[in-house]
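Below you'll find the structures, each written out as structure tokens.
In what comes next, subunit A is part of two complexes: it sits with subunit B in the first one and with subunit C in the second one.
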Partner chain A sequence: MDSKKLTKDKFGGFIDLLSKQKLYVPQMAGETLRFAPVDSKDEVNLVFSNTAVPPKSVLFPQTETLYEYEAGGTEMIIPEGPEEKVLLGVRPCDARALTIVDKLFSWDIDDPYYLKKREATTIIGLACQEPGINCFCTSVGGGPASTEGLDLLLTDLGEGYLLQPLTEKGEKLCQDAGELLVDAAGEDNQAADKVHQEAAEKIVRNINVDGIPQKLEDLWESPLWKKVSDACLGCGACTFLCPTCHCFDIQDEMEGFEGRRCRVWDSCMFKEYTLHTSGHNPRPTRRERTRNRVNHKYSYFVKNFGTIACVGCGRCINNCPVNIDILDILSQVVKEAL
Partner chain B sequence: MVDLEKLKNVAKDTVSREDVKYLIGWRQGTYGFRVSPLFMTEPEDADKLIFSPLCVNNLATYLTLAEKLPVPRGAEPDTRKVALMVKGCDSRAVVQQLIEKGIERESVLVIGCPCQGVLDLEKVEEKFPGIHSPVDVQWGDDKFIINLPDGPQEVPREELLAKKCLNCRYPNPVMSDVMLWEEVEAWGNGEYADVKELEEKDSQARWSFWQDKFESCIRCYACRNACPMCYCEDCVLDRLNPQWIYRSNNISENTVFHLARAFHLVGRCIECGECERVCPMGLPLMTLNRKLVKEVRDKYDFEPGLDPESKPFQSSYRPDDQEDFIL
Partner chain C sequence: MNDNLNPYKPEIVTVEDTWFETQGDRAIKTLKVVFDDEEKRESWEHRPGQCAMIGVLGVGESMISISCSPTEGKFLRFSVMRAGKVTQALHELEPGDKMTVRGPYGNSFPVDDWKGKKILTIGGGIGQAPLRPIIEYVKANRGDYEDLTMIYGSRTSADLCFKKEFEAMRERDDVNIHLSIDIEEEGWPHYVGFVPSLLMEVNPSPENTIAVTCGPPVMINFVLQNLKKLNFADEQIYTTLENRMKCGFGKCGRCNVGNLYVCKDGPVFSYATLKAVPEAFA
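Here is the complex of A and B:
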């Protein structure tokens, strides 16, 4: 399907259409932005800074009930299947991240909780126009208008949005929108290309990732890991806010006679991560844990799935309280391996 | 005034000592206004050290955060000292750790850096956005001199001062083995305007204020880990049996987490503001802690982290302690 155009006076009508399903847009929660369901149309405002919490939190929530039970009972009460959802205003980096998380959750065993939600969700991206200070998506295979993982990509052209349908879900949405949309003219497409190109030019930070997976393997015992992890506090800011980090822990939690088995985000930066019952931990210090974080993204995942598990959104760099900077670590890896 | 040459020379001499394991100081970060803690073992690394209004991190947390792996059979444990650079607020954390016997006096060598107040990172990054190259910042008279890539800019001190510094009463280290330069005059009066403002609201309004904040917590535990006073080896939050606090992220568990942490800091919080600074969700955690600091000061005339020879708050009963608020 060819591109469409939505003028801004029709935006309200478009939101009404999307609201037929449960609509999630970036909204303030406390002091920061994250994807949350819309209660009223007034809340929909497509802002240009990215959300603090990535949209993975909708498909892979921090806490997810797998089933409920009663004390002494034998019956599992499995929650109802997910409702149809639309995520509007997803950054292309975060949508690419979902394609990475998809690989893990459909690997050896399909994860029904994640995959059903993924299937029931339409993802509408918004091309990035204001890359952040630590963005480096173009170094890891993405870009401010990357389409991977998206059903529909919007580009803000000022007076309206250019809509590029990318999947059947996206095409269906455009069909349903009917007269709200007009066919995009050649100049609209050119204008969008220009917006995309200008955004890409604003990205300053970069890394050449060629050979890094092998270099990481070679540097397994390097003193580098001690040096880059000295200052680490062992908090989970980098991993919890990472759009591709997907480690979880499973917990049984009782309240009165009612219990739930749930999964919650886990972080390889935590002391209790992979702690064995015996008390032994194969990653006993922050040196091993930092090494794991970098290797998982730039080595193990590449080996298992053929792609780097980092989309260059910069959140781990922005949010580290002690300035542990993954690009700095990677550039040291490159230097050290020479 | 800051004497960077002296700082570097002291650092070189310190790490050359046989009884010193390493020195923890600050160095310029990888971009913009960020700094990073530097763990220095070699004298030649002294050139990386800085002391400027960017040095916000309280490095005292590393004294107790250091991981102690089991000593191999036949080997001697490493008992060398850790040398630590401290500002006034940071030094109170060291003192409080000593009071609580969390560390031993012989294990630490304190290098005092009298401080004129550090920058609020959020404010400075908002004022000068998008700066990639590392920026040097200096103290001037009642202003910060910010050496941007296109030339120096002067900004009035009040505009960019970190919240914790606005009302600082302890800019000079309260203990040190070496004091690097002359002390500065304290400017704070110990008012708790933010706490008072919240106290004046009714309980419903106060709860909805905190509810909104606690709901957005992601439980990354950056606040706990950055806190120099949160050093229990077996933290109540990590306990699995019994599990006092569930891992589920919801308003109930998140509230328990923050209140448990706040109560464990009663009479111990030295107001370095690290918990609030490191929170990626921007929770005003110091408002919670300062409320309890204020209670302890008003009711018991007690302040933690000032005298290593003193007793911890909970074991410092005095016959004339107020008791009119006890039911």
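Here is the complex of A and C:
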């Protein structure tokens, strides 16, 4: 299907259409920008920069019930299937991240909780126009208008949006929108290309990832791991806010006679993550834990799935309380491996 | 997707029998359990070396080695050391109580490929639990294997698991048992010293032999060194890793050694494989 155009006076109508399903958009929750369901369409506002919490939190919630049971009982009730959702305003890097998480959750054994939500969700992207100071998507296979993982990509042209349908879900949405949309003209497409190109030019940080998996292997015992992790507080912000991080713990929780077994986000930066029953810990200090985080994203995931598990969104850099910078670590890796 | 395909949803089992292997703060208790669902009882298959996620609803789950061989019958055995919240709850279970089991997880010892060979197991402490199914499997198919030798040690004689079974095995002339304790005790008739030293004392020939070891990481490291001194090839040496796990099928992340997942690619690894993995012996 060819591109469409939505003029801004029709935006309200488009939101009405999307609101037929549960609609999630970036919203402030306290001081944190994150994807949340829309109660009133007046809340819909796409002027924000990228969210602090990635949209993975909708498909892989921070706490998720696996099943419920009653105290002393043996019957386990799995929560009802997910409702149809639309995520509007997803940045291309975060959508690419979902395609990376997809690989893990469908690896040999399907993860029904994630995959069912993924299937029931339509992802509408918004091309990035103001990349952040620590963005480096273009170094790891993405870009401000990358389409991987998206059903529909919106580009803000000022007086309206250019809509590029990318999947059947995206095409269906455009069909349902009917007269709200008009066919995009050649100049609209050109204008969008210009927006995309200008955004890409605003990205200042980069890394050459060629050969990084091998370099990491060669530098396993390098003193650099001690150096780059010395300042780490082990807070886990880098992993919790990472759009590709997917590790979790499973915990039981009782409230009165009602119990549930749930999964909760976990982080390889925590000591307890790998702690053995005996007290032995195969990753005893932040040196080993930092080394694992970087290796997992830039070596192990590449070996297992053929892609780097990092989309260059810059969140781990922006949110580290002690300014640990994965690009800085990677450039040291490149330099040392020479 | 129907609920039966939900890999997180466990089966309910009933505890049939329990007994203590060892006493003390970190006592080891064996739980013998059977599936409540008759169909599951029949269809369940596991191989020596696999683990299962066992748990108590309202408390949590722990990954535990299945410590029986499928040749022993339609039940499962788990030998659990009391160490934390979940294992404490498992220790409180008595016959008739219910618990949860899901699995089995991981690969297994390639016991059928080992037919015609001599089998040597080298265990330390609770590390004997995943080795026990090999011994039982070989005993049940005794004609298929050459010598069966078991080296097993713990800190004190009170810390040895499966003691009664060893006594019974001593009656047979086709199992060689070598026990050790770390510290001298009055009346102890066997070896005193660490397991890797007992291995050198036993001095097994590598010829047509498979050596399998499990125990504390430091013991495994020295056993591996000593097996190399005894001229065992990397391909003749197997171990089983028991990293912390939460899911059992490669999603939750934590059990990785390098790019391998212990729950999926292991827990059984040949030394030839592990040698190439950077943090395997961390």
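Going forward, the second predicted complex is superposed on the first by the 337 of 338 C-alpha atoms of A that agree within 3 Å, B and C clash if a C-alpha of one lies under 4 Å from a C-alpha of the other, contacts with A are read in each partner's own complex, and residues count from 1 in each chain.
Please note the rule applied: a contact is a pair of C-beta atoms (placed from the backbone, for glycine too) under 8 Å apart; a residue touches a chain by one contact, two chains touch by 3 or more.
Note that the structure is a prediction, hence the values are computed from the model and not measured.
By the document's definition of touching, neither partner reaches A:84: not subunit B, not subunit C. Once the two complexes are overlaid on the shared chain, A:198 sits clear of subunit B and of subunit C alike. When both complexes are overlaid on chain A, the residue A:236 reaches subunit B alone and has no touch with subunit C. When the shared chain is aligned, subunit B and subunit C each come close enough to touch A:249.
Of the two partner chains placed by superposition, only subunit B is touched by A:134; subunit C is not.
Once chain A of one complex is fitted onto chain A of the other, the partner contacts of A:285 are limited to subunit B, with no touch recorded for subunit C. Legend: residue contacts after superposition of the two complexes on their common chain; A:262 is shown touching subunit B, with no touch to subunit C.
Looking at subunit A, you'll find residues 249, 251 touch subunit B in one structure and subunit C in the other.
Within the complex formed with subunit C, the residues of subunit A that make contact are 66-67, 69, 71, 73-74, 76, 78, 104-105, 107-113, 115-116, 217, 220, 246-252, 254, 259, 261, 263, 266, 268, 273-278, 280, 282-283, 288, 292, 295-296, 299-301, 303-304. Those residues of subunit B that touch subunit A in the shared complex are 29-32, 34-39, 57, 61-62, 65, 67, 69, 129-132, 212-213, 215-222, 224-226, 238, 240, 246-250, 274, 277-278, 280-283. Those residues of subunit C that touch subunit A in the shared complex are 1, 3, 5-10, 12, 36, 55, 57-62, 81, 83-84, 87, 98, 216-217, 242-244, 246-247, 249-254, 256-259, 264, 278-279, 282.
Against subunit B, in their complex, subunit A makes its touches with residues 29-32, 34, 52-53, 62-63, 133-134, 204-205, 227, 230-231, 233-237, 240-241, 249, 251, 253, 262, 264-265, 267, 270-272, 284-286, 317, 319, 321-325, 327-328.
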